[in-house]
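Notes follow once the structure below has been shown.
We call the chains A, B, C and D, going by the order they appear; numbering starts again at 1 in every chain.
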C-alpha cells in the first residue's frame, strides 16, 4: 500500500515537472533557457518511462536525448548568441494565432474525451508483465529479430542526417570563402 | 540464441540498389577527382535508379501473391513493386534534369547520394507493412529531401525552403507518429493487417489515431489544408529537386495512404472515405484558386500539384478496386507531366539566370520550339486534355468516384478543372502568344548551354505523357495487377 | 506495485503533444520551433511506452527508441540549417523569411 | 480497305501535321505539303463516297479496336450517311482554308499548317467517332489547335478572344465529360452503338450544354463575335463552317437518339432558344458594322435554324438540318475567305469604308454575288431547299416555329443584300483604292470550287437530303422502349411470345401502322404493337438510335 502511494507521489511530481518544463520550453524568450527546460522535460519523462517498466528506453532517453541532442542544441544556441532571442507573443494575438489555439484546444478536448470513453474499464486492466519487461536485453533482442528492418533503417536515417550535417556545414564554410574572395 | 528473421533480399532489391548507389556515391564524393566527379556521380546515380527500376519490374513479375516478409515488417507485393517502379522512373528523369544544373562541384557527389537515398527511402516506404516501418520510411526520404532542398547555396531561398519544409514536415511526421501511437493503443498492434483484425469500428482511440495518420500522410502528399509548405519548398528548392519532390514524393505518399487505409482500416472505411473526400475537395479548391494568381511558374506548379493531389485523392476516397487502378494509372502520366514541366522551368532558369515567371516566358516557345511544344503538352496534360494520359487519369478518377456512388465528387473535379484552365493555358499563352517586345523584356542573351541530358529527360516525359494516352490497356493491366494486392 | 492508470499517462502525453504543437504554431524562432517539435515527439513516445505497458509487449518501446534516433536526425539537419542560415545572415524568424513569395 | 477508310480520313491529316512539325521544311514547302495532304484527304473522301452503300442505314467503314477493356472503351469509328456528308464538308473546307493560307502566306508556317491539318483530323474524328470517350477526345482535341491558331495568328484582341472562347468551351465540354462518365458507367459501355437510351435529364443537359456552347446557341454565344473577328480568316472559316457543325451533329447523334425522353421534355425550351438565336443573330447581322461581324452573327442565326431542324425531330427536319449544315458550312467558309480577300485589298472590313468593289472587278463581284444569293436562300438554291425542309419539318410539329423560321429567312435576305450592296455597289468607299486588283488565280482556285459545289447542290439537293439516313433495315438491333400504348396492346406483346415476321402482312395492317405513325410524328424510339383488322398483330419498331434519325421496321404476327 505504501508502495502505491510512493508511486503516485513520484508520478505526480514527474508529471508536473514534465508539464511545467514543456510549457517553459514553449514560452521562454531565450532559446537557451528553453533548451535547458527541455532537459528537465526529458529527465522527468525518463522517470515516467521507468514507472512504465521501460528501463532501456529511460536510459536511452537520458543518454541520447539528454546527452547528445541537448548538447548539440546548447552548443548551437551558444554559438549563435543573442541573434536567437525572440519576443514571444509580441504584437498581440493575430487571428491566425487565435485560430490555432482554438483548434489545438479542440483537438485536445477531443482526444481526452476519446480516451475517457475508452477508459471505461479497459485501460485500467494492465497486462501482467514479467520482471524483465523493457530490459536492455529484451529490447536488443527485439531489434535483432522482430524489428530487424526498423533497426537497420534507423541507422540509415542517422547516416543520412550525418551526411546532411556535413553538407550544411559546408554551406556555412563556403559562404565564408565567398565573403573572403 | 537469437533467431534472425528470414530476409527476402530480392524483395528489398530496389531499395538496396539505390542504397548501394548512395553508398558508392558518398565514397566517390571523397575519392574521385573533382573534374570527373560530376559525370561519374550522375552516371552512378542514374545506374542506381535504373537498377532499381529493373529490380522493381522483376519484383512485380515475381510477386503475384502479396505477403509480409522480414518478420512482417514489409510487404512483398505488386502494389509496392509498381510504386517503386514509378519512383525509380522519376529518379532517372530527375538525374537527367540535374545533370546540367550548375552545381558547385563540392557537393555534387553528396547531391546524387541524397537523391538515391531519397529514392531508396521511398521504395522502402511504399512497402512498409507496419506503423514503425511506415514512420521510419517516411523519415528516411523526408530527411533526405530536407537536405536536398537546402543543398544549393547559390540559390536565394534554398535554405529558407529547406527550413520551412523541415519544420512543417517534422510536424507532419509527429502527427503521424502520435496517430500511430493511438492506433497502437486502440488495438495493441503495429502491423497493418493485425490492426484490421483487431480494430473495432467505434473505438475512439482508433478513430482519432486514424484521423491523425491521415493528416500526417496528407502533409507528405501536400493535400490541403496540409499543403502550406508546398509553395515555399517547391519555389525555393533547386528545380531538379522540385521536379523529383513533386513527382516521386506524391507517388510514395498517395500509394501508401491507399495501402494504409485499405489494409489497416477496412472497418472504418465509412469514416475515412468521407475524410479523404473532404481533403480532396479542399485540395482541388485551394490549389486551383491559389494557382490562379501566381506569376512565378514554380510556385504556380506547386499549387497545381496541390490540386492534383486532390484529384488523386478522389480514387482513394472511392475505396474500390477501380479507384486503386485509377490511382496507379493517374500517377504515371502525372509524374511525367510534373517532371517535364519542372525540367523545362529548369531549362529556362539556366538560360535566364533568374527565377522563371509568366512574364519572362514570353516568346519562349518560338525560341526553343521543342521545349515550348513539350511545355504546352504538359500544360494541356495537367488540364486533362486528350492526347495525354492526364485525360485518361482524370476520367478514371471520376469513374471510380461514380462507382462509389459519389457523382458530386465528379462535379467538384469538373469545376476545379474549369478553373485550372485559366492558369495552365496562361503558360501556353505566355510562351506562344506574347511577344517579348510587347513586354519590353531584354532578350535572354546568348544561346543557352546545350543540354542533351535535359532534352532527353523532357523527351522521355513527353513520350510517357502522350504514350500513356494511347497505351491505356497495358498500363491498366499493370495497375490492375498492383491493385489486386489491396484488400478492396 | 500499482501506480496510476495508463489513461493518466495518455492524458499527459496528449497535453504534451498539444503544448508542442502550440509552440510550433505560435513561436517564430526556428530554434524554439525545433524544441517544440521535440516535445511533440516526446508526447508520442510517452503514449507508445504507456501502451506498451498496457499490452505487455515491448513493440511500443522499440518504436520509441527508433523515434529517439529519428528525432536526433531531424535535430541534426534542423540545426545544420539554422547555423547555415545564420552564417548567411538570414533572419532567424520564420515569419520574416519572405524571399519565397509569388 | 473499306474498313480503313474512316481511320485514314482521321489520321492522314494528323500524320501530315506531324510530318510538317518534325521535318525541317522551308516555309513555302510547309504550305504546299499541307495543301497536298488536304487534297489527298479530299480524294480519300471521294473514294469513300464511291464505296459507300447508300441503300443501307447501318454504320459503314467501321473499325473497332479495344482501348481500355475494364470500362468498355474502344477506338470505334465508322460513318453513317449524314456523317459522310459532314466529313466531306470538313475535308473540302479544310482544303480550301489550307490552300488559302498557303496562298496568302503565314508567319511560322510549319506550326501554322501543322495545326490546321491537326484541326481537320480532329473534326473528322468527331464526325466519325462511335464511342463516347473517343468522341469526347476528338471534341476536346479540336480546341487545342483552335486555341493556338487564334491566339498566335489572330488580330489585336486575340488574347481576350481566346480566353473567352476557351472558358466557354472548356466549361461546356467538361460538363459533357461528367455526363459521359456517369452514362457510360451506368451502362457498362461507352460504345454509341451499344448504349441504351436513357431518361436521365441531367445527363441530357450535360451533353446539351456542351453542344449549345459549341454551336453556339443563344444564350451561350458570348464567345462567338470576338473569336470570329479575331481569328485569321481561314480559321474563322473552319470554326464557323465546320467546327460549329460538330455541335449540331452531337445533338443529332447523341442528345436526341440516346435521350428521347429528356429531348421530349426540353424540346420546347431548346426550340425557343434556337428561335431567339435565329432572330437575334439575324438582327445583329443586319446591324453589324463589318463584313466579318455580318458573317459571324449570321452563323449564330443559321445554327439556330439548324437546331430548329434537328429538334423538329422528324424525317423532314433531320434531312433539312443535314443539308443545311453542309450548305451553311460551305457558305460561311466561302464568305469568310471572301472577306479575307476583301480585307486584303482594303485593309479593313468596315462596311462604311467599303463600297463600289464591283466596278472593274468582275470575278470578285460574281463570286460574292453568287455566294450571297445562295446564302439568302433564293428559291432553287440549295439553302432554300435546306430551309424549306426544316420549316416543313417544324410545321408538322408546331406552326409557330415555322413562322419564326420564315421570318428569319426574310431577315437573312436583308442582311445579305446589305452586305452585298455595301461591298460591291454604292459609291466607292474611302478604303477602296483603284489599284486594288480583282481576285487572283490563286484566290479563285480556292473559292471557286466551294461556289461550284454550292451550285451543284442547288441543282441536286437530294444528293444529301435523300442520302443521309438510308432506308430502314430489318436486322438493326432494336430495343423495346414501350413509349406509348395505343389500345393497351403492348402488354400483349410482352405477355405472349409471338412469332414475328418482317413486313406489314396485309394492306389493312399497313394502314393501321401508317395512321399511327402520322399521329405520332415525333416518336423516335420504341416498339409499338397494335391490333389490325383480321386478328393480326402489327409491330412497329421505330428507331432513332444508332444514328438513324427515324426509321420504321414493320413486323406482323398471326393472332
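In the analysis below, a contact is a pair of C-beta atoms (placed from the backbone, for glycine too) under 8 Å apart; a residue touches a chain by one contact, two chains touch by 3 or more.
Since the model is a prediction, treat every value here as computed from it, not as a measurement.
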With subunit B excluded from consideration and all other chains held fixed, what connected components does the contact network retain? A, C | D
If you take the mean of the Cα atoms for each chain, which one ends up farthest from subunit B? D
Computed distance of Cα centres, subunit D from subunit A, in Å: 71
Using CA atom averages as chain centres, what separation in Å is found between subunit B and subunit D? 44
Interchain centroid distance [CA atoms averaged], subunit C/subunit D, Å: 66
Note: subunit B sits from subunit A at a C-alpha centroid distance in Å of 30
Set of subunit C residues in contact with two or more other chains: 10, 20-21, 34, 50, 54-55, 57, 59, 62-63, 66, 70, 73-74, 77, 81-82, 84, 88
Touching at least two other chains at once: which residues of subunit B meet that condition? 132, 136, 139, 143, 146-147, 150, 153, 159, 182
Sequence positions of subunit A contacting 2 or more other chains: 111, 115, 118, 146-147, 150, 154, 157, 160-161, 164, 167-168, 171, 175
Which of line, ring, star, complete or other matches the graph of chains that touch? other
Run through the chains and report each pair that touches. A-B, A-C, B-C, B-D
Residue numbers of subunit D touching subunit B in their complex, please. 21, 66-71, 73, 108, 111, 133, 136-138, 140-141, 143-144, 147-148, 151-152, 158-159, 162-163, 166-167, 170-171, 174-175, 177-178, 181-182, 185
Contact footprint of subunit B on subunit C as seen in their complex: 10, 13, 17, 20-21, 24, 30, 33-34, 37, 40-41, 43-44, 47-48, 50-51, 54-55, 57, 59-60, 62-63, 66-67, 70, 73-74, 77-78, 81-82, 84-85, 88, 90, 94, 97, 99-100, 102
Under the stated contact criterion, what part of subunit B meets subunit C in this complex? 131-132, 135-136, 139, 143, 146-147, 150, 153, 156-157, 159-164, 166-167, 170-171, 174, 177-178, 180-182, 184-185, 188, 190, 231-232, 235-236, 293-296, 299-300
Where on subunit C does subunit A make contact in their complex? 1-12, 14-16, 18-23, 25-29, 31-32, 34-36, 38-39, 42, 45-46, 49-50, 52-59, 61-66, 68-77, 79-84, 86-88, 92-93
Using the touch rule from the top, collect the residues of subunit B that touch subunit D in their complex. 322, 325, 366, 369, 373, 376, 380, 383, 385-387, 391-392, 395-396, 398-399, 402-403, 407, 410-411, 414, 417-418, 421-422, 425, 428-429, 432-434, 472-473, 476, 480
